[in-house]
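Shared chain: subunit A. Partners: subunit B in the first complex, subunit C in the second.
Right after this comes the complex of A and B.
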């Protein structure tokens, strides 16, 4: 009797375990189901093109003889030859130098000015919204449109800046040994800074100012949001302790804003590295190659030099650019994540 | 030869309604034959896709030209696709190599060469044999439309370059005589400078306006053979004629270019000259449309502004005409070759070109287009300069004819040349990038 009972119990348990296992399995699988559509989009439109770009950078090809994964018979494999050619090319290093100017100055300007403006707006008793709107407004227009607007500002015939400089009598040239400045020729040849090993063309500054104008609203908005979440008690406590406004900013506000500051910094670095639209609209990388940044060089290699098999070089530029971007952004974001934990 | 088709419904003898006329030299005394509705020219029917770059009033003018074709070919529907000029080469190339080309595309010789070399275009020998035989086009125009001797395109919109535009009133006030020789030209420029005015407005920031300077000097100093050699890659950039041309250009830049030559774009250049900030503007015939259209709508072509041809540098050298313009090529893989070819034939005809010529800002490349259709003296004068016989060889915009990386590098190198006038540097830059001589 007892053995019959035991067997019956086992059978009943087994019958109950089966649905539980299914339920557990379903529970494990359902989230993947939700993620799958997004993952498919990611694979199709991000991962696959990225892998395709990396692979195609190892071949010589162009728009007239495109590289196709399935047409292996037509491949012209050059290995790391495209990278070697790039690294040995003067034009590539010129683009690297111009990109480096963007990379250093643009985030510094964005972070510095956004921080100052946000704090000033935060402290302002009147017109807070109006000031914030003024700084945020340029963000609402596209970068290409910003480029057009600043091309007008810099125009030698009717530009506001040229007229102002002329009125103030500052349209001459200035020579300080290693710096040569030519007022008025904002987009052609405003001058150079001679670093000994290389010359920094000041036309890049003209473009950075335009980019800064268009992008600074992002910094102001992000930092203002950070300020509004900051506890007023901290400021009050510091004030009671006799801290001066400068000390409050230095020792209370800035440490509290570390997270938003890193976000603004990283996004500005990414923007600076992949900048294309403003440069393209305003100078197309010129005059000559004075303001040619890596993204512009990439475009020219892929699309302007149609009859040369240069797209392999363009994808090599893209890969190097992406690698640099990851190398710069990853440690900062990782540190920030660790801090949050 | 220049009878134009007229539209309108008519009743044919058999009672079938007729639309329009089609030109047929063998038909009757005036070369016209009634055509049944739906028959089309040569039986053309279906849809034809055409890539163009024109916008605004130029697009309207082209649509009027296409209306003429559709009237003659009621079974053909022409679908226009506008692409920004700067993106024409890359977008059209992608369409061709991916196997879905437009039936016709507007193109400059550089793109025609690139697509022709890949065997992606339809040879048009038959059309060209007719046209060169009846005097519609010269051999040098055929050569410009050809790749390795095979014509792959038809001319549609012409342009004459090396025109020195001036405002008679301003030049008169400066006491400058219109020059006929190179020495007189230099003397006129010196006189302008002596009067404290800028001799030229230059739109170097747009890159291509600088080639308007290099090309006529190259064609005249180095000669048309060297010029054509640079186009096909048989002549190197350190050819003595080329070096001499760069030296002369360097001298002109040093002496007569404004300090903001690289700050201004093309439109700013024209408007600066219109506003009296410079006495002259070296540009193509299209300035006749741009000056009143973009700068001052009160300007009357011929009365308020006109041009003279840049004089020959060396009187003993043969004459050469520097031209440019837009051509149309037919895709070899066109799904409607019959209609595409009929449209190409039409676009190359005098009657199609006269439709736009009447609106102004256009030089009809077909020698049979009537001069009296041009709406003003400047357009007429420019049209008279268009090569109509092979006595004066024609050379096309150098960089547009070469295309690709060489074109891009030449334009940028010219910007650098404006700054430093360093002949060795520009020659070595071009030699570095143009390795066709070693192939």
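Right after this comes the complex of A and C.
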């Protein structure tokens, strides 16, 4: 009896083993099925074009040419020639300088002002939500719309800024030797700061202020989240010990906000480096090339003169831009991750 | 009351500073709003000048008739298609990253996350010829094309925001559904529980796509462009049509703003899901 039972069990097991192995194999493939749709789109519309950008930066080519590497007449292999040409061109260095102004001022403004605003809002008990909404609101506005709005603010004839400056009697020009300032021409030619080695064009400042207005909300949200998770005990202890508000901010609050501050800093650096929309809408990189940043230079080189074979130069700018971003953002993000552990 | 705010002078300083800063912060929005509801001649005297002010909505109807309606429709089409694609592919992938074990999991996750840091410029230039090659550069196919690029570019943010929500679902609940297929567990158990995360990502992605200028400017033909490109085209100090442009700007701002206002809670929660979980 028992041997019959055992045999039956064995037979059943043998019959079941085959489907079970199939089931196990299917089971192993399930995760790939879940990831595949997103990954396929990622490969086709991100990885592949990105690799194309890197490869085509080694060629001299134009966008109207056929997209086939076999058409060798349209594709001149120049090795690192595009990079060499860029590094030797004045226009490239002009764009680098303007981008550098963004890279320094934009994160400083964002971090400084959003820190001040979120701490002030945190201390204010009444009207917290209302104040926070005011500063977060511009974050939902597209940079294109923000650019349009700020063009109104900067309008020399009926903009509020020009009117204010005039009312206060601050219009007219100012000459301090190395600084030259022309009130009223906020977007045309507000002046320069001569640093000896390079001239910083003040029109960049007008654009940075507009971007800063649109982006500060991100800093306020992030730092507010940091403040709400902050331990209240330390602040109470410091208060009991007779610490003054300024000391509490300096020695208790800011050290605890290190993580969120780094996040805001890194993201605004990333944003500053790829900035395009605000500049495009407000000045198209002008007047002349006074506010042309790297992203705008790239766009003009690739798409503004479609028939001239400058797309190779543009892809080289793209590669340099991406490399710079990764180099700047990666160490900070790594450091942050290590700190969290 | 915070113990610090007890000092009256300090409270006064805090509220004073915040009030002044808030007023300054609202000036650009007030400028756009006032410009959009007053005739052009009045705007030229300064929008803050309220002598004999007339209120009008004709700027809006003028803007709407001058082509803004098409831009807005395009914006909605592009944003909805992109969010639908990103979300459906994104929830599947995020589920796998959160709850399944498989080879290349970490590598593929990392690869997807790079889309959050690497600038869009790295893919921008070859996209146009690439679209020509695969037939996405003509007619309504352009909508699909740009939606696919937005999906690829939103991939990192999608898994970054959604994965923690899927990981949060307690194991016991999933175990209780043992025996059901992965797809069933996913659809009936996990998806409903992770709904807040899905809604927040959908909102963030919608705002992100709606506000995009660079991709649309580069990839789309004249009749397929969204409202951001429309604004960039209209914006020129020489055209002297501030009335139309300001009305257009306000209309372009409204959809994301309304989404934000209605679903504020979801929005903020989504932004922090990644950070809190880290």
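In this text, the second predicted complex is superposed on the first by the 295 of 341 C-alpha atoms of A that agree within 3 Å, B and C clash if a C-alpha of one lies under 4 Å from a C-alpha of the other, contacts with A are read in each partner's own complex, and residues count from 1 in each chain.
Methods note: a residue touches a chain if its C-beta (ideal position, glycine included) is under 8 Å from a C-beta of that chain, and two chains touch if they have at least 3 such contacts.
Please read all numbers here as calculations on a predicted model, not as lab measurements.
Enquirer: Is A:147 in contact with subunit B, with subunit C, with both, or with neither (first, second, both, neither)?
Expert: Touch status of A:147: second partner only.
Enquirer: Touch check for A:155: first (subunit B), second (subunit C), both, or neither?
Expert: Touch partners of A:155: subunit B and subunit C.
Enquirer: Does the superposition put A:233 against subunit B (first), subunit C (second), both, or neither?
Expert: neither
Enquirer: By the touch definition at the top of the document, which applies to A:189: first (subunit B), second (subunit C), both, or neither?
Expert: After superposing on A, A:189 lies in contact with subunit B but is clear of subunit C.
Enquirer: Considering only touches as defined above, state whether A:241 meets subunit B (first), subunit C (second), both or neither.
Expert: neither
Enquirer: Considering only touches as defined above, state whether A:303 meets subunit B (first), subunit C (second), both or neither.
Expert: Both partners, subunit B and subunit C.
Enquirer: In the superposed model, which partner reaches more residues of subunit A, subunit B or subunit C?
Expert: C
Enquirer: If I apply the document's touch criterion, which positions on subunit A are contacted by subunit B in one structure and by subunit C in the other?
Expert: Residues 63, 155, 157, 187, 303, which sit in both footprints.
Enquirer: List the residues on subunit B that touch subunit A in their complex, please.
Expert: Result: residues 89-90, 93-94, 97, 111, 113-114, 117-118, 204-205, 207, 259-264, 268, 271-272, 275, 277, 403-405, 408, 412-413, 415-416, 418-419 of subunit B touch subunit A.
Enquirer: What residues on subunit A touch subunit C, complex-wise?
Expert: Subunit A reaches subunit C through residues 28, 30-32, 34-35, 37-39, 41-42, 44-50, 52-53, 56, 63, 67, 117, 120-121, 123-125, 127, 131, 134-135, 137-138, 140-153, 155, 157-160, 163, 187, 213, 221-222, 225, 235-236, 239, 245, 248, 260, 263, 270, 273-274, 276-277, 280-282, 295, 298-299, 302-303, 311, 314-315, 317-319, 321-322, 325-326, 329-330, 333, 337, 340.
Enquirer: Applying the document's contact rule, which stretches of subunit A touch subunit B when the two form their complex?
Expert: Counting only subunit A, the residues touching subunit B are 63-66, 154-157, 184-189, 283-289, 300, 303-308, 310.
Enquirer: Mind listing the subunit C positions that touch subunit A in their complex?
Expert: Residue positions touching the partner: 1-5, 7, 10-11, 14-15, 17-18, 21-22, 25-29, 31-32, 35, 43-48, 85, 88-90, 92-93, 95-97, 100-102, 105, 108, 111-112, 115, 117-130, 132-133, 148-149, 151-153, 155, 158-159, 182, 186, 207, 210-214, 217-218, 228-229, 231-232, 234-235, 237, 242, 245-246, 248-249, 252-253, 256-257, 259-260, 268, 271-272, 275-276, 278.
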